[in-house]
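The following blocks contain the structures, represented as structure tokens.
Two complexes, one shared chain (chain A), two partners (chain B, chain C).
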Partner chain A sequence: MKSKLRKILAGIISFAVLGVSAAVPAFAADKTDTGTGSITGNVTINGSISPLTISVTHPVNVAYAISPDAETFTAPDVKVTNNTKVAVIATVESLKAASGGSLTFTDVDPSAKAWRSLNLADSKKYIALGVAAKGNSGWNSGYSTSTHWAVNDSPLQVGTLNPNTSGALSMTADYGLAFDGAYTANHQLVLQFQLA
Partner chain B sequence: MVGIFPANLPRRKEGFYLRQSFRRLFLVPLLAAGILLSGASPAFAASAAPVLTLAATPNPSGNYVALNWTNSDKSQPYSYMLYSKSAHESNFQSIPAKDSAKVLNIYPVVAPTVSFTTWQGKNYTLPKSASLKMWMETPNEYDSKGYGKGLISVDTVSISDFNANPDAYLKNADGSYKYDVLYFGAWDAFASQDLSAAAESKTDAFIKTGRGVLFGHDTMVDNDTISMPNFFKLAHYCDIQTIPHYTVLGSSQIKVSKKGLLTNYPWTIGDVWTVLNVPMSHSNQLAFGDVWMTYQQPYTYPNSAEATGSGGQGTNTFYLTSWSNCAMIQTGHSNGEATPDEQRVTANTLFYLAQITTDTSWNDHKGQDLDAPDEPAISGITHNSDRTQYTVNYSSQDNATGYQYYVEATGQNDGVKYDSPVVSASLKTGMKGYSIVVDNKPDTVPDGSITTTANSYTFSRPSGSSFYIHIAAVDNAGNISAVAHYHTDELVSVTHPVSISYAIDPNSNTPFTSPDIPITNNSTFPVGVSVAGLKATAGIGDAAPTSYSDWNSLTAAQTGSGMALGVGISQTAGSGWTAVDRATPVYTGDLASEVPLGTLGANGASGNLALTAKFGLAWANAKTVSHELTLDFTIAN
Partner chain C sequence: MTTEKTNGNRRRKEDEKRKRKWPYILAILLLLLLLLSLLLRSCGNQHPSPNPPPSSSVPSSSAPSLDDTGSAEPGSSSIPSRQEILSRLQKQEVTVTDKVSAQASFSSGAKDSTGTWEVENPFSNTVIMQCEITLNGETIAKSAPIYPGQHIDGLTLSSQVAPGNYSVTATIQYYGKDTKAYLGMADYKIRLSVS
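Let's look at the complex of A and B:
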């Protein structure tokens, strides 16, 4: 099984391009003020400010494994590194089952099923996949301890990463055991990063 | 005996002294021999020389030098002639020694007459050529005793009567002279009536006594068109020479060219360059002596042509010239007409020529303070806070005029002459005050009226961006110094950009880039530059530079809420900044009041201001912001 992470930066990149084109300091016309004794002159100072580019490093995909016999779910952490000059906020925008594997799961809430009792058909149909911030992995204090389950549509703000700091996301899942063969399945994880 | 003669002999009297020395050397042995023959006294007693001493005491309040002299010889009466030269003169000249002048007017015979009543109530009808008495003694609007002011009395005699028996008119029955001054005038061509040989000889003798003679128009002339040979024999006394070919120059205006007693007493004629009106007249000869007045250009007399003697010496531009006790004036060409100016000049000249006295004291009004004070030195100008009142400080000092004197004694019985030693006096009347004008013109000359006696003067600032102060110092004699001019220019003119643009690129290692703000001072004086205001006007707020310890760690909200923009003087080396009041940037929070940055030099000096900024990096979007910088430019004191 594969998971894919995506970040949304198109709009920011667009602003950055605009900022570069406006960043050429220039004079306007000169003015000569005259008067007797003491005079006043005004200069308007215009500033053009470019947006800061957000830079985050993350894996393109991660793979998890379910062993029905051992009743284990194993997945590596999703490591996210903030290369931006300032802190960024990471948000799980979505986590959805995706086609492309030998199975396409239907995401359900972990409490929706009696997972050890699922038959073959339901085991191959339902899964409760979640992602959450891993404690002590680099997130600033105050990070979310909640798990974003794939069945949920609401984004989850995971936490804040300081510049040049990495944090990790952990995957978790509830699943059936009645698999009659080896299968693959995909999910799409969408993360959003914004300036803190 | 020779040792008592002055070292500085009058230029024209050197022949005299040789003769006098010889005469005295010759007479003394004769006198000694006579005494020896009588056996009444030892020889050494008879050779004791008369001692003539002179004291010269300046009188600043009266602007004259008091002269007193004593003569040890009481054996005979003496007459005296005073000689003087100022520090501005190279030769001694005789000076007046009387407070009144008795004049004999020897006039040419003409038909027209004038009738008048003198200030003493006597009625006269005289040929118009004898108008001098009318001029000097008839009351007028300027003086109740006429232009002679009661100091000058005039008798008259025709040239024909005078030629026939000069001594009858010149002398009293006892042989003494009646008059201080003779005046030959006045008529055009002197009516072609020359002196007789006898009259010339008697006039020559009169002159040699030191008494004065004033020669009128066309008396001393000897050329190819008009000639008065006997008169001209006396021309050397006036230091006048002929122009062989008839050459005239004239006008109806003259100007004062020399200042002294002749222009100051008893009438104040005016300083050098004063223009006077006279009837049309002209010269016909060259003057080599003192030229007191010249014709004013343009020369309106027909065919006027300037002429000089050989080597460029002498001039025919003169209207009045004198040398020692003789003078020539061009009065007469207009046949008895005379303007008030001309009558005053004539009165002053007659008085000037009255030089012989039997008194032993005289207040020399020719010995005046003629030197103006120094040109005032302006030490500073201050003003009140709103520049409506100015005070100028200055100083000056009066200058003294130095004089040297000696007196010549003439024995009235034996004609022996001897001189006192030369004495010196220095006359300084002192500072009277300052004549000050404040206006918008660069070359105004104050009229000499006293504005203040103090060494400072406070005045209201005239309108306009600049003004001039003109100060002349005036002494108690009325001498006016050269004028000190001071230009005060208050037109502040400064060129600066209307706006500038800076950029913040948080992704760059040098995120803040801004051009300097060039300031050019076009004023003619240094200008102080101050920051009067600096505040955000759009897109962002102002923050103090100390708001955050680490501006780079600001959140997006903090970044967008405010930045600290500062302005200060950019590099000073090689720039027009002549003084720096503040080396660190000025931020909005520093502007509880105006903050001086520095001073820009005058006349086009340029210096830059530099922007500096503290800001966060967390800009999520492109943004434009604006600040308004207000600068004050003030005349640097």
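Let's look at the complex of A and C:
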């Protein structure tokens, strides 16, 4: 009697196990490898990688001041901070005189004029404005020490910035002194960033 | 008789003397008249006229007098220091933080198909962002304005793009939050994937 009951229970359990294994769906890539001795099973691993977010903090506009009496050009540094997880490359895409001020300068080469001798009309017309990487300000070694003058059209790759690092650009200018009033003038600086 | 004669002679001499004095008196009178007319003219110049000509254009016969009202500042005029100028310029500066996905993906290159590309304008920014992607100088997609605290996660193609992978320029233009005036722009080199 006991042995009969055991046989019935064993039968129920084996049916149940077979039923469960049949009910669980096989995963798409499931494969049964058969053979004798050592068997090789290939497993494909599918990865999904999201694009990185490039994050940079930078000024949108930069102001400068010319004091003809003191013969000084003053402009704050252009500070660029890389918040990205990896290094980024910063490039000066363009620097151009723009309208919107009471004067619209014409960009010229710094050697194009005898700046301190410019008369009233030419002082209000010409400027040589440039931007360059500031040394020891966070740029990785190998950064460009060249000045990008506004008169040039070709972009200047400034250098790379490591994550959570700030680098600075300095503005420089040659200009006339004959100004008969207070004026404003605009330039547009376009920076370009990309993953290093 | 002799006394009458002497009296007659004295009267004649006195008459002659008087006749000699007349030219001098006349000359003195004329001089006085001249001085009086000069005085009157100078007084007339000091009287205010309804439309006085500028003092520089009409030379005055009298020296200008100082209008000694008001007071000027003592010492020489002060030129602001470099630090003061820098501080003023820095106040005008607008700084932003960009968060741009390094890739834009489109499952189809057909015009008006939508793809994924994430750009966030953090709440800390004070500008409105508007993004566009350009391929070979042509704008192929443009975002809606992204206000501070907002983001986009997709774009619509405004022109057909052949399937492939491209290096494209994503331009972010910045506008004042209140004024909506254009402030500047920055470029990002990203990857464009079109299936």
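Everything below uses one rule, namely that the second predicted complex is superposed on the first by the 147 of 196 C-alpha atoms of A that agree within 3 Å, B and C clash if a C-alpha of one lies under 4 Å from a C-alpha of the other, contacts with A are read in each partner's own complex, and residues count from 1 in each chain.
The rule is simple: a contact is a pair of C-beta atoms (placed from the backbone, for glycine too) under 8 Å apart; a residue touches a chain by one contact, two chains touch by 3 or more.
Predicted, not measured: the structure shown is a model, and the values here were computed from it.
Q: When the two structures are overlaid on chain A, which partner does A:Q194 contact: first (chain B), second (chain C), both, or neither?
A: both
Q: Which partner does A:E93 reach: the first (chain B), the second (chain C), both, or neither?
A: second
Q: Once chain A of both complexes is superposed, is A:D180 in touch with chain B (first), chain C (second), both, or neither?
A: Neither partner.
Q: Just to be sure I read the superposition right, which of the two partners does A:V43 touch: chain B = first, chain C = second, or both, or neither?
A: first
Q: Have a look at where A:K85 lands relative to chain B and chain C in the superposition and call it first, second, both or neither.
A: First partner only.
Q: Could you tell me if A:D153 is touching chain B, chain C, both of them or neither one (first, second, both, neither)?
A: It touches nothing on chain B or chain C.
Q: So, A:T34: does it touch chain B (first), chain C (second), both, or neither?
A: Only chain B is touched by A:T34; chain C is not.
Q: On chain A, which partner's contacts cover more residues, chain B's or chain C's?
A: Residues of chain A touched, chain B against chain C: more for B.
Q: Report for A:P59: first if it touches chain B alone, second if chain C alone, otherwise both or neither.
A: second
Q: Name the contact category of A:P51: first (chain B only), second (chain C only), both, or neither.
A: both
Q: Once the two structures are fitted together, what part of chain A is touched by chain B and by chain C alike?
A: 51-53, 194-195
Q: Could you pull out which chain B residues touch chain A in their complex?
A: Checking each residue of chain B against chain A gives 387, 465, 490-507, 513-515, 517, 522, 532, 539-540, 552-556, 565, 611, 616-635.
Q: Using the touch rule from the top, collect the residues of chain C that touch chain A in their complex.
A: Residues 79, 82, 85-86, 88-90, 92-103, 118, 120, 127, 169, 174, 183-191.
Q: Can you check the complex and tell me which residues of chain A touch chain C?
A: By the definition above, chain A touches chain C via 51-65, 67, 69-70, 72, 74-76, 79, 83, 93, 188-195.
Q: Help me check something: in the complex, which residues belonging to chain A touch chain B?
A: Residues in contact with chain B: 12, 15-16, 18-20, 22-53, 85-87, 194-196.
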